[in-house]
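To keep things simple, chains are lettered A, B, C and D as they appear, and every chain counts its residues starting from 1.
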Amino acid sequence: MAVLVDENTRVIVQGITGREGSFHTKLMLEYGTKIVAGVTPGKGGAVVHGVPVYDTMEEAVAEHPEANASIVFVPARFAADAVYEAIDAGMKVVVVITEHIPVHETLEFVNYAKRKGTVIIGPNCPGIISPGKTKIGIMPGHVFAPGPVGIVSRSGTLTYEIAYALTRAGLGQTTAIGIGGDPVVGLTFTEAMELFEKDPDTKALVLIGEIGGDMEERAAMMVKEGRFTKPVVAFVAGRTAPPGKRMGHAGAIIMMGTGTYEGKVKALEEAGIRVARTPMEIPKLVREALEQK
Amino acid sequence: MKLFEFEAKEILKKYGVEVPPSVLIKKGEDPLAKIKEAGLEPPVVVKSQVLVAGRGKAGGVKLARTLEEAVELVNKLFETPIKGLKPSYILIEKAIEHEAELYTAIIIDRSERKPVVLASKYGGMDIEEIAREKPESIIRLHIDPDVGLRGYHARVIGKKIGLSGKALSSYSRFLMALYRAFMDYDADLAESNPLALVGDRVIPLDARIIVDDNALYKHPELGERKLEETGEYTEWEIKARKMGLAFVELDGDVGIIGNGAGLTMTTMDLVYEYGGKPANFLDIGGGASAELVKTAVGFLFEFPKAKKIFMNIFGGITRCDEVARGVIKAIEELGGMKKPLVIRLSGTNEEEGRRILREAGIEAFTDPIEAVKKVVSL
Amino acid sequence: MAVLVDENTRVIVQGITGREGSFHTKLMLEYGTKIVAGVTPGKGGAVVHGVPVYDTMEEAVAEHPEANASIVFVPARFAADAVYEAIDAGMKVVVVITEHIPVHETLEFVNYAKRKGTVIIGPNCPGIISPGKTKIGIMPGHVFAPGPVGIVSRSGTLTYEIAYALTRAGLGQTTAIGIGGDPVVGLTFTEAMELFEKDPDTKALVLIGEIGGDMEERAAMMVKEGRFTKPVVAFVAGRTAPPGKRMGHAGAIIMMGTGTYEGKVKALEEAGIRVARTPMEIPKLVREALEQK
Amino acid sequence: MKLFEFEAKEILKKYGVEVPPSVLIKKGEDPLAKIKEAGLEPPVVVKSQVLVAGRGKAGGVKLARTLEEAVELVNKLFETPIKGLKPSYILIEKAIEHEAELYTAIIIDRSERKPVVLASKYGGMDIEEIAREKPESIIRLHIDPDVGLRGYHARVIGKKIGLSGKALSSYSRFLMALYRAFMDYDADLAESNPLALVGDRVIPLDARIIVDDNALYKHPELGERKLEETGEYTEWEIKARKMGLAFVELDGDVGIIGNGAGLTMTTMDLVYEYGGKPANFLDIGGGASAELVKTAVGFLFEFPKAKKIFMNIFGGITRCDEVARGVIKAIEELGGMKKPLVIRLSGTNEEEGRRILREAGIEAFTDPIEAVKKVVSL
């Protein structure tokens, strides 16, 4: 088992003819992801790495009705449109890689997706991978391996680092989700946790947070209230980041005194969650958690 | 992008909000002539147009009881740096007598994924202060993106901060205009604090709008804000931005380069953890080219606060060999290894990267903890 | 029984301090309608014909949580706002008397109401009456009487005329709904018919149509498909109106060859519905229909 | 309110649509000078700016192969009434060679209560004609008001009318602009027919926008359209509108007054049913005052087509006594009973109304059928 995506997921790549879209289509195909179609307006009829390209999602879905997820590589100015198109074409999961989407547009499509029952991952995210089954994203596939650990993360590279450490420690993953570094994202920590709670194969969860916002606090509340019952190991990046400064991610900023490292760690620890001081401690803490269980 | 007070007020005025009568003085203009031309009578408020927070406390806002005093203050404020920054504009406004100062802002609530109106009957202090001293006075109303903020929402909020009758209608019109500004300008924040209650109407004494940088392309009329004008960035941050680097200046002496925001922040945290102090945050992002790596390393070679450099790379999409080539380029093309450089290299094409560095006499680490210990010990 | 509103309906009058609002509040109270509150922004604290006035619906509902319907007399420029306010205050039925509301605004609030489960009657309508129980509208109460006939109508005065004729013929009404004369209205014929179908006391339905649009055709289809099973007598105004001319109601206009009298009558008759040539025939046709049943 | 072709095209141009190069000639201006100033080269199309449908077939659109011919046509068209109406403006446009003529409109679907896009690859003829001759070619797409028309909707439609590649992108941009016009101007209709396909782009050869009269207050920039300019109303309809009466001129001889649109239409129908022919529709609405009734009756006294008058009133909110008083006023103040007048009066205050009329020697009917028979027999 895995959450959201697995070997049965059939993927459409939106913006497949662009540089990024084409490059990662190749990598995803190599990983084993079942990509059934691509969409780029005005490029209908082309073929990219063996994948047929259509002008619209409507046409792509008409030809490939089995498609149930899409990944968006469309430039920021047109990305919201692509997301709406994917939602209306009935995609269950839409992974938005694109960064620099205006936050007002993200607000709109995230609310719309919720109403339509579509899960949005991102924007500005590395995507989702269920190791050994499918990879819908830009993460390096080789650092992941199948196993019992779920990962949900606001950070890209840090996730790879931690996943690699877990993998080398013999702790593979059910699914790893990079939810994205923007202030407003589709799938949140708590929503991801609801999915991992229901997945019988996930035995423990690694939560990789950052300063800014209150998603970590909400995750802690969920554990505290017993709505998430599996062992959680957390890490929060940005302990030493000064307030008011944007640290790379638009979302990683301490504002009006909220979203501090201390506040997050306090909330997590009060909920009984182990918080690692460094990413390298995580495999050990996960193993302990699994053994205690 | 933060708008200047006078820009924010122009927008609100365009949307039908009554703002104090005013005149804008550009550096070099004759204040007395402009005040007279605008027909402003003292008392007036003289306000330094800077984009930093806490302008009032820093002495950037002054009351003038006579025209002479106003002119004097204009000249003085042009020469008064506010948090290191001298203004290019001074706004002179008619002083408005008022009975009360309210607070109203619209921001984005990340977790609810909706805009939210924050309002309080206690304006004139920061929202943080209000939250600390009068938390029960803060009214929060989330806006359904499908419906938008409607007149009746504005009235509901107005009532809850104690308004009624005509003042309630005036506040409702004000808040609708503020919302329109928030939406039309893709704002992260639209705020008035203080918002004065004057008889049966409200008048914004101050106004702030921050436009989402990602949406600036939709607003060519706003023009470009020079990085120097904003007061948000240090000299070196401005240099870095102009070179396309995601760089934040800090107070320590260990120069930091990482790939990815989370990993770079974590690298800072690790340096602290092992007793060092980072001089900066510098994220080269995903899939960096050798050229970008060269630029980043070269930049830290020049950045005086960085006495030594720690480069922490986990290769995912980023290829370690490409990173290694960039480091070599920097050393070869920019005049040698100017500062001690500790590199941790792991992930995609790690072996090849390590080999390239070794040929240039650099031994890269695999374990970040060992690397951190090394750099701190230097 | 009755549809939508009855003696248990508790009404808020929006725009109660205006000339029309105040006048009809008096008439509704005289009829026996249970009006619990009025709303006019800026006039909170006033009292109109014994009814307390509030600045906002939120306050009105806080004081009168039993309120479940509202009637809108607010001027056109502010009417849409009042409707949204009523929907968000949880009103189940909102009667919009106001005319000249821009149709784009009506589109918006009608779609919003649908999503929220609120029934909008109107705009530009006389309202709804369940004779002997309650009157939420501007119709003359005395022409109606309790009885077994449902009425749904696009026209105001014509409804009074027909109701009066029915009443004099001893055929009282369960509920009469004036759905309004605008091109776009909240409750449609078919939606009203769904309600009458479920009301056991309604034994027959009088449908008063007009040229323009295709609501009559849709009603006919509903009968034809067996989704409405009670006897229906119809009348369609505008047999002799020339195409392309707007006959008073913005909705009553034949455009692009659709919405003609002939088309409507043909559809209705093909569904087995009796179509009266004059309003005066209606009582006779209704009686026959009831007796055949 | 119908916009003129040149107004509709100006709006589309403002929203980024490429329209044919053109120059607008106002009555009295020198066409040759203006054409030269605009740098227009023949061949050009000379188009009478009138608001009536079927302008082309009525001779209001002509091709000119030389400048001289264009000038001649301008002068001629200014003097050529189209359905009774001479233009105040002539639009001269560069003739655009094109491969195909498409059709695209956005209207409101009443039943679905949503805007709907109608498009066809067969433009150049009326939508009614297309519906008759190529019904399968008409693409319909309803717009969810919460989402709006988005670029991908436009592309889906474009594909279905046979476009691809760059032409598809051009069409998509055009349709988004048309939608923006439809929304921003509260339009009942926004249409281009024909929409020309020129290589890999689309160019509207004609454009129509009808603004919702109820929303005109939001668009003061549109100015007032003189009723005389629109070609929608007859002389007497214009008179009636200026007096605030809801009046439509018809072809018979029985003047009709009713209260409420449905009842008034039904009164017309009854007159027909019993062998008469209505001269008009005149609805005095709900709750009419004696003054309004006087105005309505007086108007029909003057309206020459009405040889006799049938007034059908059912008193609901309208009070029969008030109506009766208005009738008496009309007779007394406007010079007597100028035409035979049959009145049916029923409902609120019926007795009092009947009494008032009886005192003036008028016997009102209760039964509309009897009243109709009477008026037809006169």
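Just so we're on the same page, a contact is a pair of C-beta atoms (placed from the backbone, for glycine too) under 8 Å apart; a residue touches a chain by one contact, two chains touch by 3 or more.
Since the model is a prediction, treat every value here as computed from it, not as a measurement.
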Legend entry - Comparison of B-C and C-D by number of C-beta pairs in contact, larger one: C-D
Legend entry - Chain separated most widely from chain A, comparing mean CA positions: D
Inset, instruction - Let me have the rounded angstrom distance from the C-alpha centre of chain B over to the C-alpha centre of chain C, please. - result: 54
Inset, instruction - Go ahead and note the Å separation of the Cα centroids belonging to chain A and chain B. - result: 27
Inset, instruction - Round to the nearest whole Å and give the separation of the Cα centres of chain B and chain D. - result: 53
Inset, instruction - At least two other chains touched by the same residue of chain D: list those residues. - result: 146
Inset, instruction - Quick one: label the inter-chain contact graph as line, ring, star, complete or other. - result: ring
Legend entry - Pairwise chain contacts under the document criterion: A-B, A-D, B-C, C-D
Legend entry - Residue ranges of chain A in contact with chain D within the complex: 41-42, 44, 55-59, 78, 81-82, 84-85, 88, 112
Inset, instruction - Give every residue of chain B touching chain A within the complex, in rising order. - result: 108, 110-111, 113-115, 127-128, 131, 144-146, 183, 186, 188, 212, 214-215, 217-218, 246, 248, 250, 258-266, 268-273, 278, 281, 283, 286, 314-318, 346-348, 367-369
Inset, instruction - Quick one: which bits of chain D touch chain A in the complex? Just the residue numbers, please. - result: 146-147, 150-152, 155-156, 159, 164-166, 168-169, 172
Inset, instruction - Write out the stretch or stretches of chain C touching chain D in their complex. - result: 76-77, 100-105, 107-108, 110-111, 126, 138-140, 142-143, 153-161, 164, 181, 183-184, 188, 208, 210-211, 213-215, 218, 235, 237-242, 245-252, 256-257, 277-280
